[in-house]
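A short write-up of the structure that comes next.
Labels for the chains are A, B, C and D, by order of writing; each one numbers its residues from 1.
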Amino acid sequence: MSSEENRARAPSGIAARKGDHLDIVLSASQSGARLPTGFEAVQFEHCALPELDFDKIDLSQDFLGRTLAAPLLISSMTGGPERAGRINHHLAEAAETLKIAFAVGSQRIAIEGHASCGLGKSLRRTAPSVPILANIGAAQLVAGYGVPEALRAIEMIEADGLIIHLNPLQEAVQTGGDRRWRGVLEAIAALRRELPVPLIVKEVGAGISGRVARRLTEIGVSIIDVAGAGGTSWAAVEAERAPDERRRDIAARFSDWGIPTAAAIREVREFCPDAFIIGSGGVRDGLDAAKALRLGADLVGQAASGLASAEQSAEAAIDHFSAVIEELRIACFCTGSKDLAALRQAPLLPSPASAAAPSLP
Amino acid sequence: MSSEENRARAPSGIAARKGDHLDIVLSASQSGARLPTGFEAVQFEHCALPELDFDKIDLSQDFLGRTLAAPLLISSMTGGPERAGRINHHLAEAAETLKIAFAVGSQRIAIEGHASCGLGKSLRRTAPSVPILANIGAAQLVAGYGVPEALRAIEMIEADGLIIHLNPLQEAVQTGGDRRWRGVLEAIAALRRELPVPLIVKEVGAGISGRVARRLTEIGVSIIDVAGAGGTSWAAVEAERAPDERRRDIAARFSDWGIPTAAAIREVREFCPDAFIIGSGGVRDGLDAAKALRLGADLVGQAASGLASAEQSAEAAIDHFSAVIEELRIACFCTGSKDLAALRQAPLLPSPASAAAPSLP
Amino acid sequence: MSSEENRARAPSGIAARKGDHLDIVLSASQSGARLPTGFEAVQFEHCALPELDFDKIDLSQDFLGRTLAAPLLISSMTGGPERAGRINHHLAEAAETLKIAFAVGSQRIAIEGHASCGLGKSLRRTAPSVPILANIGAAQLVAGYGVPEALRAIEMIEADGLIIHLNPLQEAVQTGGDRRWRGVLEAIAALRRELPVPLIVKEVGAGISGRVARRLTEIGVSIIDVAGAGGTSWAAVEAERAPDERRRDIAARFSDWGIPTAAAIREVREFCPDAFIIGSGGVRDGLDAAKALRLGADLVGQAASGLASAEQSAEAAIDHFSAVIEELRIACFCTGSKDLAALRQAPLLPSPASAAAPSLP
Amino acid sequence: MSSEENRARAPSGIAARKGDHLDIVLSASQSGARLPTGFEAVQFEHCALPELDFDKIDLSQDFLGRTLAAPLLISSMTGGPERAGRINHHLAEAAETLKIAFAVGSQRIAIEGHASCGLGKSLRRTAPSVPILANIGAAQLVAGYGVPEALRAIEMIEADGLIIHLNPLQEAVQTGGDRRWRGVLEAIAALRRELPVPLIVKEVGAGISGRVARRLTEIGVSIIDVAGAGGTSWAAVEAERAPDERRRDIAARFSDWGIPTAAAIREVREFCPDAFIIGSGGVRDGLDAAKALRLGADLVGQAASGLASAEQSAEAAIDHFSAVIEELRIACFCTGSKDLAALRQAPLLPSPASAAAPSLP
C-alpha cells in the first residue's frame, strides 16, 4: 500500500476503531482478570521508623526540561475527535493541576484528516507548564510518514517530545493491520536526526525487551517507555472487535503474549544503564508506581486505569491521579525514603518463594 | 494369542471401539480440564521491532523428500470406515490445500478386514503433493504382523512413510488390550530393515522419553513423534469406555500418567541431537506449535484439537489448520523470526518462578 | 494411673470410641479434602517400550518368612467386637485370596475384656498362609502392659509379628488420652528382647521421622511402618468426637500436623538404609503404592481407603485390593519394570517446579 | 500542629475512633481472608517418641523480673473507657489466672482526658502478679509528649514496662493522622534514659525490620515486639473507616503492606542476636506461637484473635488463652521438647517447595 492509498483508507474507519477501543477498555477495566505485571511479586520492606515528615517528601522529577511535581506520565490514549477531545482536555487539566506529564494518543486521524480532532492549541493552553507528548505509530513510518507528518503532529499541540509507538502484535491480529515492519528502525533513526524535539519510543502493552532497547539506544533514542504486559492487552481488545470467530480466536490466543512490565523495566535498565526509562503497562496505583521506580524506571506511565475518571470530568481525573501520587508518597514514607533517589534504594522483602523455605539450623 | 486368532477377533469390535474413541474425544474437547503440556511455562520474549514483512516469513520445512508450506502434521486419528473415511478425506483435502503432512489412524481394520475402509487410493488422489503416513500398532508386530502387513498398509494409501505407534498404557488399561510387549523393539528393527519407506515411531499421548528415543535411534529409527501428555489421555478415554466400575477406576488412576509434551521434546532432543523430532500431544494452536519448535521439534503434530473441524467439512478443517499456521506466523513475527531457524533461537522469558524473585541490589 | 486402674477404665468406653472412629473415617473418606502425602509430586517417567509381558511381571515380596504375591499390607484398623470382627474377617479373606499381609487393629479391648472380640483363631483359619500381625499401643507399655499382654495379643490370633503403634498426637488431643510417654522406648526395647516374633513399630498417620527411626533401629527394631500424614488424620477424627467446642478447636488445629508419607519414607530410608520399611499413610491406589516403593519402601500399607469395601463383604475387599495390585502392575509395565527391584530404579520425571523453568540456550 | 492543639483535638474523637476499631476488628475476625504470616510455611517434624510426660513440660519464661507460666503476652488493644475498660479487666483476669503478661492499649485518652478510662489501679489489683505494660504512640513523642506523660501512663496502672508503638502506615492512611515522624528515634532514646521501667518498642501489624531493630538496639532498646503482617491490617481497618471513597481506596491499596511476622522474627533475630524479641502479628493459636518461638521469639503476643473472648467475659478469655497454652504444650509434646529451649531446637520439615522435588538417584 502506498502512502497515498494508506491515507485515503484511514480517517473514518480509524475513528470508529478508536471509539471501540475506548469502550472495550472501559468495560474491561470493570472486570477483574488480568495477566500479572510482575509487580505482585515485589514487596517493599516496611520501615517502622521513617524519620520523615510526610509532607516534605520530595517526589519531583525532571523531564524534557521541565520539573514535574511527581514522576508521572498520563500515557497516550486518544487522539480522536469529540469524545476523545473531551477526554484529552480533562487529562490535560489534571496534568497541569498536578504538574505531571501528559501524552496524547495516536494523531493519525488528525494528521490525515483535516480537522484538529481536539488536538489543537487549546490543549497546550490548558496545560501550559507541563510536558505534552505527541504520538504516531511506527508502522506509519514505513507506510509513508516522514519528517513533515511528524512535525505536524508536534506542532499541532506544541509538544515537548514525540512518541513513536511500536505495536506489531496489535497490527498482526487486527483486520487490515499494518504488517510491513521492515525498515522501521531505520525510519526512526532518520526521524530522530531531523526532529527539533526528543523522541520517545514505546510499546502499547507487550513490552520492550532489553535487546530491543539496546537497538534503540544504538540509534540515539534515549527515552524508552516499556509499556509492558499486565495491563491493557491489545490482542484481547482486538479479539473483542474481530469480524469473525476465526480471527477472534487467533487474536485471543495472544492475549497472554508480552513481557510483564516489571521484567521489562529490569531488563531495559540492565541492558541500557543510561537510558531514561518510563515504566508503564498495568500500573494500577501509586504502589505499583513505587515498584516501577524501584525496579529502574525514571518516570511511570499510566493509561487504562485513569480512563474512566478522564471520561467523567477534569475533577475526577485530578482525584484519580492525585490519589496515585498520594499512594506513591505513602510508599516513600513507609520505606523511610525522603525522595525518589532513596526510594530506588529501598530494601525489598525476599520473594515469597524463598521466604517459604526458612533455612534454619 | 496366535496371529490367526488375533485377526479373527478383530474387525467388528475394533470398529465399534474406534467409533467410541471419536465420540469421547469430541465431547471431551468441549470440556476444559487437561494435564499441563509444559507449554504453559514457556513464554517467548516479545520483539517490539520485528523488522520483517509479515507475509514474507518463511515457514517451509522439508519432510520425507517433500517441502511443506508449514511445519505441521495432522496426526493419526482414524483408519476406520464411513465416518472415519469422511474425516480422513476432509483432512487430506486440508493437508493438500495448506501443503502440510497428514497421517491416517491405525490401519488394522483395513488390513484385517477386506474392505479398504476409506483408505484406498482416493485419499492419495485427494492429497497428491503432500506426505501421507500409514499407521500400525507396535503390539501387532509381536502378535503376528510382519513385513507383508506393513507393506499392505503402505501401499493401500501410497504412503511416504509408516508410523508404528507405541501405546502400552492404553493396552494395559483397555479390556482385552494387547499386553504382550516383549520383542517389540526387535520387531521394529526387523521391519525397518525391510521397508521401502522411512519408519516413524510415536506414542499416542503418554510421551517418548529420551531413553526410549535412544533405543529407537540405535536400531536406526531416526524419526520420532513424542506424542506427549497434556492432550488426549487414552487412560481417561478408556475409563469412559470401561465395562465396569472397577476397570473404570483403574484406568482413571492413570489419566495423569505420561511425560508432558514440552519435557518429552526437550529430553528427546537432548538424548538424540540428530533425530528428526515431531512434537505433538496437546498442541492446541499455533502458539503451542511455535513453542514445540523452539524446544527442539522439527515438525509439529496435532490430532484431537482438529477433530471437530474435520468431522464437519474440508472447509472447516482448512479454516482450523490455516488458523494454526497464521498463529505460528504471528509468533514468528512478534519474536522477529524470519524463518523457523530463527524461531528456534528466539529468546524466552525467564520462568515465572525465577521472575518472581527479583535479585536486586 | 496404675495398670489395674487403666484396665478398669477401658473396655466399654474404648469400644464406643472405636465405633466412632469407623464411622468418622468412613464418612470422611467420602469427602475430598486431604493433606498432601507428597506422592502427588512424584511422577514416573513413562516407558513407551516396556519389552515385558504384562502377566509375567513379578510383584512377589518376602515378609516375615512368607512370600507375598504383592508387596501389600492391609494396615491395622480394628480389633473390636461384632462389626469390627466382621470387617476383620472380610479383610483376612481378601489377604488370603490375594496372598498379601494383614494386621488387626489395637487388641486392647480383647486383652483387657475377656471376650475375644472376633480376634480368635478363626481369623487365622481364614488366612492360614499369609502374615498376620498383632497390634498394641505404645502408651499401654508404660501404663502397665508387659510381656504377658503382648504374648496374649500374639497368641490370640497366632500372629507372625507384633505391631506397636506410636500415637502421641492422638493421645494428646483425645479426652482422657494417655499422655505419659516417658519410658516408651525402653519398654519397647525390653519387649523386643523377650518376644518370640518380630516387632514392628508404626505411627498412625503423623509419620516416623528419620531420627525416631534411628532410635528404634538402635534398640533392635528393624521393621518400621512410617504411617505418615496425608491419609487419616487422627487429630481431625478426634476433633469430630470432641466433647466440647474448646477441645474440638484444639484438636482441629493439629489436623495438618505430621510428616507427609513420601517425605517420611525417604527420610527413614536415608537414616536407616538397612531397615525394612513399610510405607503407609494416605496410600490411595496402586500408583501411590508404586511411588512408595520407588521412594524406599519394602512393603506398602493401606488402611482407610480399603475400609468401605471391607465393611461390605469379602468380595468387595478382594475387588478393592486386587485393583490396587493391578494398578501397581500397570505402573511396573509402563515403567518397563519386570519386578520390584526394577521399579525401585525406575526414572522419575523432574518435579513440576524445575520442569517449569526450561534452561534453554 | 503544636502539642497544645494536638491535645485539644484529641479525647472525644479518639474515643469514637477506638470504638470503630474494636467493631471492625471483631467483625473482620469472623471473615476469613488474611495475608500470610509466613507461619503457614513452617512445619514441625513430628516426633513419634516424645519420651515426655505431657503435664511436666515446662513452658515457663522470665519477663521483666517475673516468671510467666507460659511465654505469652496479651498484646495492646485498648485503653479507652467503659467497653474498653471491661475488656481490659477481662484480659487482666485471664492474665493473672494463667500467669501470662498483659499490655493495655494506647493510653492517650487517659493521659489527655482527665478520666482514668478504666486504666486505674483496679487493673493492677486484678492482676497483681504478672507483668502489665503501659502503651503510648511514637508519633505523640514528637507532637509534644515527654517524660511526664510517659510516667503518667506507667504510674496510672503501675506498669512493669512501657510500650512505644510505631504505626507510620496507620497514621499515613488515617484522616488527620500524625504524619510528622522526624525525631522519633531521638525522642525514644531520650525517654529510655529517663524512665524507671524498661522500654518496649513495637509495630502494630506492619512489622519491624532487622534494620529498624538494629537502630533501636543501638539506642539501648533491648525489647522489640515485631507485630508483623498477617494479622490485623490497620490499612484495611482504616479503609473501612474512611470518610470518602478516595481515601478508602488509598488506604485499601496498603492492606497488603508489611513484613510477614515469620520473616520479621527471623530477621530481627539475625540482626540483633541479643535482643529480647516478642513475636506477634497474626498469631492465631498455640501452634503459631510454637512456630514464633522456633523462629527466634522469646515471648509471643496475641491481640485480635483473643478480642472476641475478652469482650464476652473473663471466663471466655481464660478459656481462649488457656487453649493457646494447651496447643503450645501439644506442639512441645509432639516435637519431644521438654521445655522452650528444646522447642527452639526442634527439627522442621523441609519446605513444601523443596520437598516437591525429590532428588533421587
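Criterion: contacts are C-beta pairs under 8 Å (C-beta built on N, C-alpha and C of every residue); 3 or more make two chains touch, one makes a residue touch a chain.
Since we're looking at a predicted model, the values are computed, not measured.
Two copies of one chain, subunit B and subunit C, form a contact in which under half of the residue numbers belong to both partners. Matching CA atoms, the turn from subunit A to subunit D amounts to 90°, rounded to the nearest 5.
With centres defined as mean CA coordinates, subunit B is found 43 Å away from subunit A. In whole angstrom, the spacing between the mean C-alpha positions of subunit A and subunit C is 61. Shared interface positions of subunit A, defined as residues touching 2 or more other chains, are 350, 352-353. If you draw each protein chain as a dot and join the dots that touch, you get one closed loop, with every dot joined to exactly two others.
Which chains touch which is summed up as A-B, A-D, B-C, C-D. For subunit B in complex with subunit A, the residues that touch the partner chain are 43-55, 285-287, 319, 323, 326-327, 330, 333-334, 347, 349-350, 352-353, 355-358, 360.
Only residues 36, 38, 41-42, 166, 168-169, 172-173, 179-185, 203, 206-209, 211-212, 215-216, 229, 246, 249-250, 253-254, 256-260, 262-263, 266, 294-295, 348, 350-354 of subunit D touch subunit A when the two sit together in their complex.
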